[in-house]
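When the chains are written out, they are named A, B, C and D in that same order, and each has its own residue count from 1.
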Amino acid sequence: MKTINVALLGAGRMGSEHALNMRSFPGVQTLVVAAPHTPSAEKVADLVGAKHVLSSPEEAIERQDVDAVVIVTPTSTHARLIEHAARSGKAIFCEKPVALDLTETARVLRVVEEKGVLFQIGFQRRFDVGFMAAREAIQQGTLGDLEQFRAVGRDPAPPPIEYLKVSGGIFLDQAIHDFDAARFLVGEVEEVLAWGAVRVNPEIGALGDADTVTTLLKFKNGTLGVIENSRRAVYGYDIRTEVFGSQGKYVIEALPKTPVQHYGTHGIHMDHYHFFMDRFAPAYRAELAAFFRVMQGSSETLPGTFDALESLKVGIAATRSYRENRPVKIMEIQEGVPA
Amino acid sequence: MKTINVALLGAGRMGSEHALNMRSFPGVQTLVVAAPHTPSAEKVADLVGAKHVLSSPEEAIERQDVDAVVIVTPTSTHARLIEHAARSGKAIFCEKPVALDLTETARVLRVVEEKGVLFQIGFQRRFDVGFMAAREAIQQGTLGDLEQFRAVGRDPAPPPIEYLKVSGGIFLDQAIHDFDAARFLVGEVEEVLAWGAVRVNPEIGALGDADTVTTLLKFKNGTLGVIENSRRAVYGYDIRTEVFGSQGKYVIEALPKTPVQHYGTHGIHMDHYHFFMDRFAPAYRAELAAFFRVMQGSSETLPGTFDALESLKVGIAATRSYRENRPVKIMEIQEGVPA
Amino acid sequence: MKTINVALLGAGRMGSEHALNMRSFPGVQTLVVAAPHTPSAEKVADLVGAKHVLSSPEEAIERQDVDAVVIVTPTSTHARLIEHAARSGKAIFCEKPVALDLTETARVLRVVEEKGVLFQIGFQRRFDVGFMAAREAIQQGTLGDLEQFRAVGRDPAPPPIEYLKVSGGIFLDQAIHDFDAARFLVGEVEEVLAWGAVRVNPEIGALGDADTVTTLLKFKNGTLGVIENSRRAVYGYDIRTEVFGSQGKYVIEALPKTPVQHYGTHGIHMDHYHFFMDRFAPAYRAELAAFFRVMQGSSETLPGTFDALESLKVGIAATRSYRENRPVKIMEIQEGVPA
Amino acid sequence: MKTINVALLGAGRMGSEHALNMRSFPGVQTLVVAAPHTPSAEKVADLVGAKHVLSSPEEAIERQDVDAVVIVTPTSTHARLIEHAARSGKAIFCEKPVALDLTETARVLRVVEEKGVLFQIGFQRRFDVGFMAAREAIQQGTLGDLEQFRAVGRDPAPPPIEYLKVSGGIFLDQAIHDFDAARFLVGEVEEVLAWGAVRVNPEIGALGDADTVTTLLKFKNGTLGVIENSRRAVYGYDIRTEVFGSQGKYVIEALPKTPVQHYGTHGIHMDHYHFFMDRFAPAYRAELAAFFRVMQGSSETLPGTFDALESLKVGIAATRSYRENRPVKIMEIQEGVPA
């Protein structure tokens, strides 16, 4: 088996996670870890036996012995690095989003397509066994005609305000995973309407952002959907997704984290996933495994440039709907028009 | 214990159900069953040992030996019978709704209040152990500040088209139970926005009605809510209600009807409630029990004229929002203005 | 519908429960309440509108206008009252057990059979929707050949020592419900082996009784079974029953009492049934309903003299096995030989 | 980080599994794969980048550059390879059992202890998050005094008869995992009593083995336990373990494999784990990870020579109890006496 040599760009928490996962894939070798903070890069390189540590991601991309790049740097650098990697002819796995701006996103993804390199965006839910099972059942017609979609997504606590300032807002930063899941399970979205409130932290409101939102969706196939999000759930990560049709429904539930029930004097108690990295650890692993399987010849479908763009559009439309307090059609969302 | 003598008006399926429940209440006696179809009335009277059978509900109401009336006649007769019973000084339990028209409803309920008779509207979910437990926890502050409300309600199959023609539409006929549950658990509603579709039966669309709807709610206390309804769920009656706040959430789930899990070659299988009368049988019993306990001196709170009126207003506002495709504030809904 | 007149013998907690249930059955009237403590009898009579209150159960049994007796008196009186009722030609419903002694039980039940009166013993689990659904599935062959049976039964707290002294021991007092459920679901028992311990209260041990026991069962059809019991579970009433066969298994679980899940900072929490009267309230109602339906002509099967006797034998065999520390065959258990 | 070089002995399904897991551990390198069938060894070596392929496990053990051996060869070779590795001063991870014979097991484990090498036996349940959480809660006293232990373990289908002939019987081959789990959660066993039957395949009976068994356990701390096993469950791998004490109980349940509920016309449906390698995949990974962490300096506790020996004794005692139809004390099980 020919070894795929990878350059890991970024050495934060998600970088280590991806690095350790890659270490277990047959035929995959993390050759370079590139991050501005050298001790972090060295630590990750040591974990996975990477031979080279660089401070410049561009230099890593350009190496002749690198076949693929895995981008887990801050969002603001994604577009630039994707473009650089595409122009260098490397396969690209990038955490979402490409960019928060539609024009820039579309431009970079056109470069990717022109260069014909493999590109995958990190919508990891598409690789969760629950979402995959529901999708497959739907495509086989198990649910008949789809009629309603319903999701809730809540994080345990809001990120720091400094992060929120550059996050693109709750619809682009958090709800976009639900928008992509909706598209994955039901199909393309035609129109959205979002209501929001500031219930968790007034500083979030001061940024023009909301922390508690509900988005109605009308899909092109006539299905009605609704997605609720919140930046804070004291019990941990909350995600539940339902697809309802003329023949039944699928519920993708967050099971207890530990398969233990404790019966005590106050009743029955179970624990709960704390964060998305707990809940989706196997999916994070599976999405990268699929990326490399495709590099090794598998023909499976990955979320690529089209999904990156279309899910972003839904997020921009929801943001606009919330700001302007009106329904917004996805076709309104065009390049060159700021969100 | 002094016996309360009841006139049961109506002898359909719900009439029998109520009659059998009343039979088990200490100090309560069904004295009269009144229904235009004498064999039905006689059958119910026989079931519960009622001494008198009448074809005229008014005659039953007017009897000196009747203390209370339980109204389970067709909706179109409710307002007239409530008014008649109030003017006759009888305690009144009436299935929802009072009427589909706000002006008529308000007028009749003013008569009830002027006459000072006990009045209870049949919002049975308020007597379900799940809804009661959640409400009590919320009122004790267990959830902190409320932030999101979320409900789904689906019936196994649409009623006959003839019924739908006079039902008042999906928001007033079906979703109104969820609107009342929302008010019971969260508080008063300020504004609604409803989207709908015809997915089950085009004949429903031809009536100007929808069969698949989603309603956004903004509560006066700032909570955001969403309710989904459908006229058809092939797996049976679907009801799940969630209240989310700064300190946690309550989920009121429809458990399997039978506490049995079947493990077979295809996995684990459980059954499911078929209809609201299965799921809420104990609540139907409990709501009537509470009515008679209040007659016997208990001071507990019943859903009365105010709840009948306010939940109706939310239903009318949702209907208007769906028809006019815009957010509608509850204060827009005034007497004298048709829905 | 001809009215069935009932004499209720006993006016304790279970007496009231049965009386209120009977009040709701069409065609059934509690005519007499008989109990030595007149105020208790009067209270129950008032609850259900019984016309007569007596202190002598025999006098109640002998009344010409009484059709059936419902016996909820202390265990030590059951055999005598059953015999009296049988000789008076009345239909008999009696809480378990007939007696703690096999010879006496067999003798009395022979009188019942000679007199040809209807007799039902209060094994209420046979009327629980869960047990009924499992039994029906088994009889239809859904599970194939039966192979293993597994049950646990735990009470929230031991009864008072004064009661335990005359209870017949944990196998005859508590486990007998599981023995009967095993017979109901699987078939007749051939041999048992019981191990026990005193873990809850040394006073129970001082009586020669155990409070924590496990009973192995070999059924005549080759199925292996095991039943665990304890006198104390701090979380409430604990009952779970499983039947396993060549084609799958049925699990009859105690669901949470209230269909509510509370998500708080420490995870997910549900409540739990506190006692058998919570868990089996509908079954207590259903068993009596069946008794009267049979009196009214229904041909359904009730647990009668055979089941009372055979389940008792299993309990006696388990007691003997525990005392003598050896396997005991059911055919060893013969009349005339003390347990 | 110094790299630990591993010799993997065996290249079957479990060998690949372990090899892929090891590939993801920082600082761990599979240097050699040794198996008599060279193409299998080469395939695994290729998967994980092992440099050397050998047909002789002894040769692999003896290499100077090998630090640790992972033994996944057929059971009959375990004792010999463990002894060889111990005498060669290597750290040893070995799938259970060491041997089916107590004398041989004890002898080999004495060599391990004399040589002072690290030794871990593959009781992977000790590394399952459910079993670990229950154990920790028990040790913290959450359950008070332990009173009852209860487990069921069923495989989807019996192994081939050829395997069963050399398996040591159902108690040593299958139930031993439950015996070890019982010891892990509750403590040492004093006495056992086993009943068994041949319900799945008469050929199993012809070997003197059973396929359907129940084992009673008396623990030294007074807890009563019971374990049920079967060689066949059509719905897949069935494992549920409960510990009950004076303050509550823990249930370690097999959750559905996929977190999806399907609501269809026949009710609610969920899937189920098919086999132990599905259910315990993370535990298989975690047990090896712990082994290498200890090699890297961690002080956590691993199941070693004592646990290998004591769990084997319980299995031998259960086998003897079943054959001789009598209770057997663990202290009867002595070296030099055949099972």
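Keep this in mind: a residue touches a chain if its C-beta (ideal position, glycine included) is under 8 Å from a C-beta of that chain, and two chains touch if they have at least 3 such contacts.
Since the model is a prediction, treat every value here as computed from it, not as a measurement.
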item: Taking each chain's C-alpha mean as its centre, the one farthest from chain B; value: D
item: Pair joined by more contacting C-beta pairs (B-C or B-D); value: B-C
item: Self-contact between copies chain C and chain D, residue sets same or different by half; value: same
item: Rounded Å distance between chain B and chain D, as computed from the means of their C-alpha atoms; value: 57
item: Gap in Å, rounded to a whole number, between the CA centres of chain D and chain C; value: 42
item: Centroid distance [mean C-alpha coordinates] between chain C and chain B, Å; value: 38
item: Chain A residues counted as touching two or more neighbouring chains; value: 233-235, 238, 247-249, 256, 263-265, 271
item: Contact footprint of chain B on chain C as seen in their complex; value: 1, 3, 20-21, 23-26, 46-49, 129-130, 133-134, 137, 142, 247-265, 271
item: Interface residues, chain B side, partner chain D - complex; value: 233-235, 238, 256, 263-272
item: Residue numbers on chain C that touch chain D, as the complex places them; value: 145, 147-148, 150, 152, 154, 193, 195-197, 199-200, 212-214, 216, 218, 222, 224, 226, 228, 230, 232-235, 238, 244, 246-249, 325, 327
